[in-house]
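Chains: A, B, C and D, in written order; residue numbering restarts at 1 for each.
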Amino acid sequence: MKNYKIYAGGTFIETSQVLEVQNPFDKSIMAKTFLADKEILNIAIEKAIAVEQELKHMPVYQRYEILQQIAFKLSEDKERLASILSIESGKPIRYALGEIARAIQTFTIASEEAKRLPHEYLSIDWTPAGHGKQGVVKYEPIGLIAGIAPFNFPLNLAVHKIAPAIATGNPIILKPARSTPLSTLELAKIINKTSLPKGAVSILPMDRETGNLLVTDERIKKLSFTGSPQVGWKMKTQAGKKRLTLELGGNAGVLVSDKADIDLAVKKCMIGSFAYSGQVCIHVQRIYVQESVFEEFTNKMIEATKKLQVGDPMNPATEVSVMIDEANAKRVEAWVNDAVADGAKVLAGGQRKDTFYEPTLITNTQPEMNVCSLEVFGPVVTVEKYSNLQSGIDAINDSQYGLQAGIFTDSIQELNSAFDQLEVGGVIHNDVPTFRVDHMPYGGIKNSGFGREGVKYAMRDMLEPKLLVMDS
Amino acid sequence: MKNYKIYAGGTFIETSQVLEVQNPFDKSIMAKTFLADKEILNIAIEKAIAVEQELKHMPVYQRYEILQQIAFKLSEDKERLASILSIESGKPIRYALGEIARAIQTFTIASEEAKRLPHEYLSIDWTPAGHGKQGVVKYEPIGLIAGIAPFNFPLNLAVHKIAPAIATGNPIILKPARSTPLSTLELAKIINKTSLPKGAVSILPMDRETGNLLVTDERIKKLSFTGSPQVGWKMKTQAGKKRLTLELGGNAGVLVSDKADIDLAVKKCMIGSFAYSGQVCIHVQRIYVQESVFEEFTNKMIEATKKLQVGDPMNPATEVSVMIDEANAKRVEAWVNDAVADGAKVLAGGQRKDTFYEPTLITNTQPEMNVCSLEVFGPVVTVEKYSNLQSGIDAINDSQYGLQAGIFTDSIQELNSAFDQLEVGGVIHNDVPTFRVDHMPYGGIKNSGFGREGVKYAMRDMLEPKLLVMDS
Amino acid sequence: MKNYKIYAGGTFIETSQVLEVQNPFDKSIMAKTFLADKEILNIAIEKAIAVEQELKHMPVYQRYEILQQIAFKLSEDKERLASILSIESGKPIRYALGEIARAIQTFTIASEEAKRLPHEYLSIDWTPAGHGKQGVVKYEPIGLIAGIAPFNFPLNLAVHKIAPAIATGNPIILKPARSTPLSTLELAKIINKTSLPKGAVSILPMDRETGNLLVTDERIKKLSFTGSPQVGWKMKTQAGKKRLTLELGGNAGVLVSDKADIDLAVKKCMIGSFAYSGQVCIHVQRIYVQESVFEEFTNKMIEATKKLQVGDPMNPATEVSVMIDEANAKRVEAWVNDAVADGAKVLAGGQRKDTFYEPTLITNTQPEMNVCSLEVFGPVVTVEKYSNLQSGIDAINDSQYGLQAGIFTDSIQELNSAFDQLEVGGVIHNDVPTFRVDHMPYGGIKNSGFGREGVKYAMRDMLEPKLLVMDS
Amino acid sequence: MKNYKIYAGGTFIETSQVLEVQNPFDKSIMAKTFLADKEILNIAIEKAIAVEQELKHMPVYQRYEILQQIAFKLSEDKERLASILSIESGKPIRYALGEIARAIQTFTIASEEAKRLPHEYLSIDWTPAGHGKQGVVKYEPIGLIAGIAPFNFPLNLAVHKIAPAIATGNPIILKPARSTPLSTLELAKIINKTSLPKGAVSILPMDRETGNLLVTDERIKKLSFTGSPQVGWKMKTQAGKKRLTLELGGNAGVLVSDKADIDLAVKKCMIGSFAYSGQVCIHVQRIYVQESVFEEFTNKMIEATKKLQVGDPMNPATEVSVMIDEANAKRVEAWVNDAVADGAKVLAGGQRKDTFYEPTLITNTQPEMNVCSLEVFGPVVTVEKYSNLQSGIDAINDSQYGLQAGIFTDSIQELNSAFDQLEVGGVIHNDVPTFRVDHMPYGGIKNSGFGREGVKYAMRDMLEPKLLVMDS
């Protein structure tokens, strides 16, 4: 069995706390790794702080080259890395390959943005008080970043914290999910071979108690957390003086207007609903279809759902596989069954086997059912009718969450109205809310988050403006 | 009769060449002013150059205050100024008031943009060669500007040259149209009362020979010309080392799709077609309507055309009045008559009386007719059918011009396709090509122009980037 | 005695809690006003939320005109307003007039920035996943803002919260300091006469308990606090899901190199040290002078200090007057006396009379003395020697604070080194850290603050990015 | 002997006009290639226009990948390419390798900037006229570009036209210098292997008459010329409606203040004066040294000049080698001899042997001597005294040219004053005017040029803004 040392302050180490990594598809233990404790975390913090000045003064071309090298080495080894990612997470290999490609893209964007920090030149003489003066605002690294990444995109969502940190000259300590630490530990090996100062990046799985120190330790200047709303919002009250980015979940909705291309809507909704068994922050959970096209849309969705290839994630043909663990599969099962008990109707799927839950389409739901109001994080989607656009928009907004939403339509008025009113961080036209490219601003409002990621946007929050006013 | 001295190098003077300004509505001589000759122009040039350094070093808050003062004084006197403008140009007073409001807005925008020159801070260390260095790009005034303004917006199109010049710290010599010099000479009085150094602005009507020196004199660093394509393009070959902006004419087209709001389209097309008797660079000259709504649209246009209030420009109710002179009215008459002789059909209007030409709607035209292919610059619009969007786009593009175009539709696909394919500087959705606000980039492609105006855009071309690379 | 109603949700009201406003110079009660309680605050919150949609959809030109009107009306009434400000705060009238001018400038800048929200167009097709798509990021108002303003710039530091809120389309509830509420209540009258929807701005003096609700109420989306570090940082842990800007204090330092213009340094340091009795966040508290010019600099400072005009704040000749209250004057007295007891030497001043504390120059201090290590917020400045620039920089950085710092030098190397190393939000060359113009980014690091003000920068944190990805 | 086909409209062809390429060091014929005639040029133009739509619609990621591929392939083959470049141009191999590295960098920058075209989102509702509307400005390719490159940086100065053209989606026809066509023909082979549509790039050596068509042909929308002022400025009058960028020469000056690091100044001036025998647009031609350090500086320069390694360009130790041809060497010899005849004094060098001219230092020159007033484009530099900074600045400005200038000083006042007053496109602090990195704006004023290169800046002038105003 493979042994993965953890990466603490520039050194690969083992600890006394062993963490076994399970393949969620066949339940085998695929590798073992280790948990960091407080002392190891403390070493990582000290080593990180020790290199802050060096990182701050590293010229742009060096930051660029380090980030390019990482991208290049990920690219060279992408199939092996995708396999590891697929096995640890149960993610179908087609999507695991996609995630590696995105992580490469994220590092590439960061390398380019490192050249383009938002330094400004300011005229100061807008009033007589500023006569004879000019200003420059430079953006400096803020100091040590802590990142906490989730299991569902174990590599790319960690990279969305690591790459901006390197690009801005900040050290970072990254805690991967305990179920899926291997992809980032592979990344650690790649980073360790670059000329990035040792200590600038640490990758440390850790127990919850140690993990809490990432929130409370005052030497850490920013925490970037991707995970559940409950945990995230609590962190905000405990974070002391540090900055915070929270990327939390949602129950994303889609509108399908009678001015839409229905076949396109079905094709996109299938992916948005069931890719990686719906274990995606911007998974399509609620579809609202205009009455006159509801039946056509629903029938095509049912048909397409039945054709989905389910099976071993390592099989290239597989479209849907297991969930991350049985507890989650059971939770989803319970929610669907509760909904049915309260009057909902299953149009397709609805059965669980071990960690596998069938791609499931429900209708006749009520907004207060768990499958509507909470984040299902599983392969379940509701389909309901709406009469006019306004009622569709209202239905989507009837939620504590606000991450992204989609709308299928060819009408400018409908798109403008939806964009204006939908209470979300992003509206996607003629596509599902699941749409994301790595350079776009990404993040939610309401309970779905605080701040934005998307390389340039994440970088901005890792920088401190510093003004120079000087004689002109 | 009122006597208007011309404004040369900071002094109001008379010359031996008297210019009488005629009221095109009643043919009376409303005022006299003067033409500058070469010697006066030379004095204006020398005085302008003498204040270049002072203008360059004027702090932002002073440029701002001068521009704000001008805007304020225009505002205080707007009704009197609108009358003068209306009488010298024959422009209905409602539109003359609108032009004064726009000139105020143009100065206001310029005052704000003076604070926001596009100075940049640059990281220089993208390669080892730049290690330890940083850069600033400051934008400096280029030097003396010459502006040539047309009769149709005698104030605001001059202001689109004067205000950016002041905002960027450049002196300017402005030649108004000989038919409409009074509005800008009124402006000269306002400018003269500010603390702008004398010589920074000259307003000089001049004969053609003297005017040609604006093109050829090497001390002038930029020429900004608004006028006819024939004259403009010739200037480009004679302009020596100077920069050039050409705002020339067009034969703007509109598309009315069957996905449009027809009443809105009619309402907007009426204004675009007939405001100031079509003597507008972005006057609606060609309307293409999708077959299924052609009859509805055309009938409503005919009806609306018949209701237009024609008469004395000084009457607040007047919507359409005389053209700038009889020669132009006769030219328009001839073009329409030629078209009719070749098979076109007049739907409304079509008659001339002295300098007045009726608002005229024609159909059954051919692309090669003058009313289609040349710039009609009169109250004439053609209306033709199109079967599918592509043929409508092709019809608009079948022109030597490319200033702006309009499209009425609610379809995203149609709007995207039109925007992509229309060969123009600007596409206006759900409005006529005649739409312009003073801060938007404005200018044409093909034979319609070279460069852009719209305050910020005009300013950019009056600035020279100057790079400082310094130790960091 | 004048009676000032408070401005709650668009209505001027009285409450049962009377607040008497004292003139700190002659101890008379100059006016009475009122404190809001929880119920009144609740009404203000509800009225604010009721107009959020209207504010969000208000077109740019309306926001602009409202802000311009406010600036205009402040300008018309500036002398009377300055008197009120001077009397309530004990600020010399010359500085009170300056503050009114700055508040006008702050509103003017906000009016301009309202036109220039940082909306972006994004290419989305950086990878095949984005093919055929394009993006727009619009910045929407986040919702209700709470502002808490201090006594020392009772008008302009409130305006730095109110003007950006209006410019971004957010409602705001502003709590002025209890000692100096009148300037902002005068502003409330001006705002009330504009077309801003009633409820968009409330100005509410309040007791501490009610004030705490500004921190904890979940309907408030952002808190912007200017005040003491102790209070500010505690708020961060109590603020729930809301955003936070903290503008806290400092103990700002200045470096005077032997490559400096000493007379300039003395002139600027006098103002930075003693203007408004040092009750300024960026008051010069610590001066470090290179050895070879220490004696010259110190002697000139002593001489200048002795010449300062002290007296009634309403006297135009007065340069220094009373402190805000006797408690603060006594605190300053105690700190200076403690320093002297521990070996410091008073070079000038050092005596208190009631609320007046003399402009005071001390040397031979130790970094751990209160006059060095805490925020003195009084007319006291320390002057110490440094041997080389590095030790001077280290001395300034030996502080829990980091707001702004100044350096007087003609050396590029020295300026670069100081800018790189000084741990502050802003470095001011050839001027004191007290330098501020209202459009520059302003705020501290370390214990001095969180986030930035300066109109554009404050506005950014009152906006939520909203992404639209659409077919291209 | 190697045979290089030319690259016309996507095809490598031979023509009837053979062009022999001579090694300027040993006079051997190193290769033969061909000249295009009018018909071949016409084919290239037609093929270019045929792919304009395809290029315009190519998604960003494809443009990016093509540019990255070219950079990568240049990198893989850099030593061979540097040899070819060195041999055809006589450029020492150390500098030839540097040029290849820069060409790689230029393509890399262009690939990144292709993602970042300056598309804008505009608020339109600054006045009631724009209520309910919003704007987007997209930047579209303008159409076929013609580039004319000089012999001295045969690869990178061509790449500064080709890479921006590809990045902006424009086809380009590039005419290399007849003496050094091989580097770009090697580049043609690399480009031909990418997926760039055939016809998008042509590399065509041509006779003068055919070359003139690049100036006059109306199908070409922009001409970018790097070469001599005489030729360049004449083109401006012949270019018809097309845009123009002129990168012409200069007689760049350097100031060495008594506040400078003299050893640094000497080291940098040696490279700036003699690299590639001064055949560089921003070659250091005139050095002005403050009196008190003149002797020290001059002595160190003389000493360093004597130590320069001269010889075969292919020898890695060689610092200076032959000039491009004997005619130029003779011209330089004549100019120096004329100067000496008129009183100048040679401090080092001054002799010619065939195409080799010694690195030469002169003093006691007069501004009107050819070695001062014209562009020497050879290994000759003048060194003169100045008493105060102003006279040094005036000396540099006493020139028809204005490309770049350098200043060595540690004084902020001196740097500010020099930057303000020097009449050049760029001022380089503590380095020579010869400094250039490929992303900085580069170009001259006065007779030195028109417009700017530097990837982003070159791209801007290859784009046409296109405004969309749409319902919001």
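Points worth noting:
The definition used in the following text is that contacts are C-beta pairs under 8 Å (C-beta built on N, C-alpha and C of every residue); 3 or more make two chains touch, one makes a residue touch a chain.
Just so we're clear, the structure is a prediction, and the values are computed from it rather than from any experiment.
Interface comparison, B-C versus A-B: the higher number of contacting C-beta pairs is recorded for A-B. Centroid distances from subunit A, each centroid being the mean of CA atoms, peak for B. Inter-chain spacing, taken between the CA centroids of subunit B and subunit C, is 45 Å.
Centre-to-centre spacing of subunit A and subunit B amounts to 50 Å, using the average Cα coordinate of each chain. In subunit A, the positions touching at least two other chains are 115-116, 122, 126-127, 130, 137, 412-413, 415, 429, 439, 470-471. In the complex of the two chains, the subunit A residues touching subunit B come out as 59-61, 64, 115-117, 119-123, 125-128, 130-132, 136-138, 409-413, 415, 429. By the touch criterion given at the top, residues 101-102, 105, 109, 122, 124, 126-127, 129-130, 133, 135, 137, 233, 236-241, 243, 415, 419, 424-431, 435, 437-442, 445, 450, 452, 457, 464-471 of subunit B touch subunit D in their complex.
Subunit D contributes residues 112, 115-116, 412-413, 416, 439, 470-472 to its touches with subunit A in the complex.
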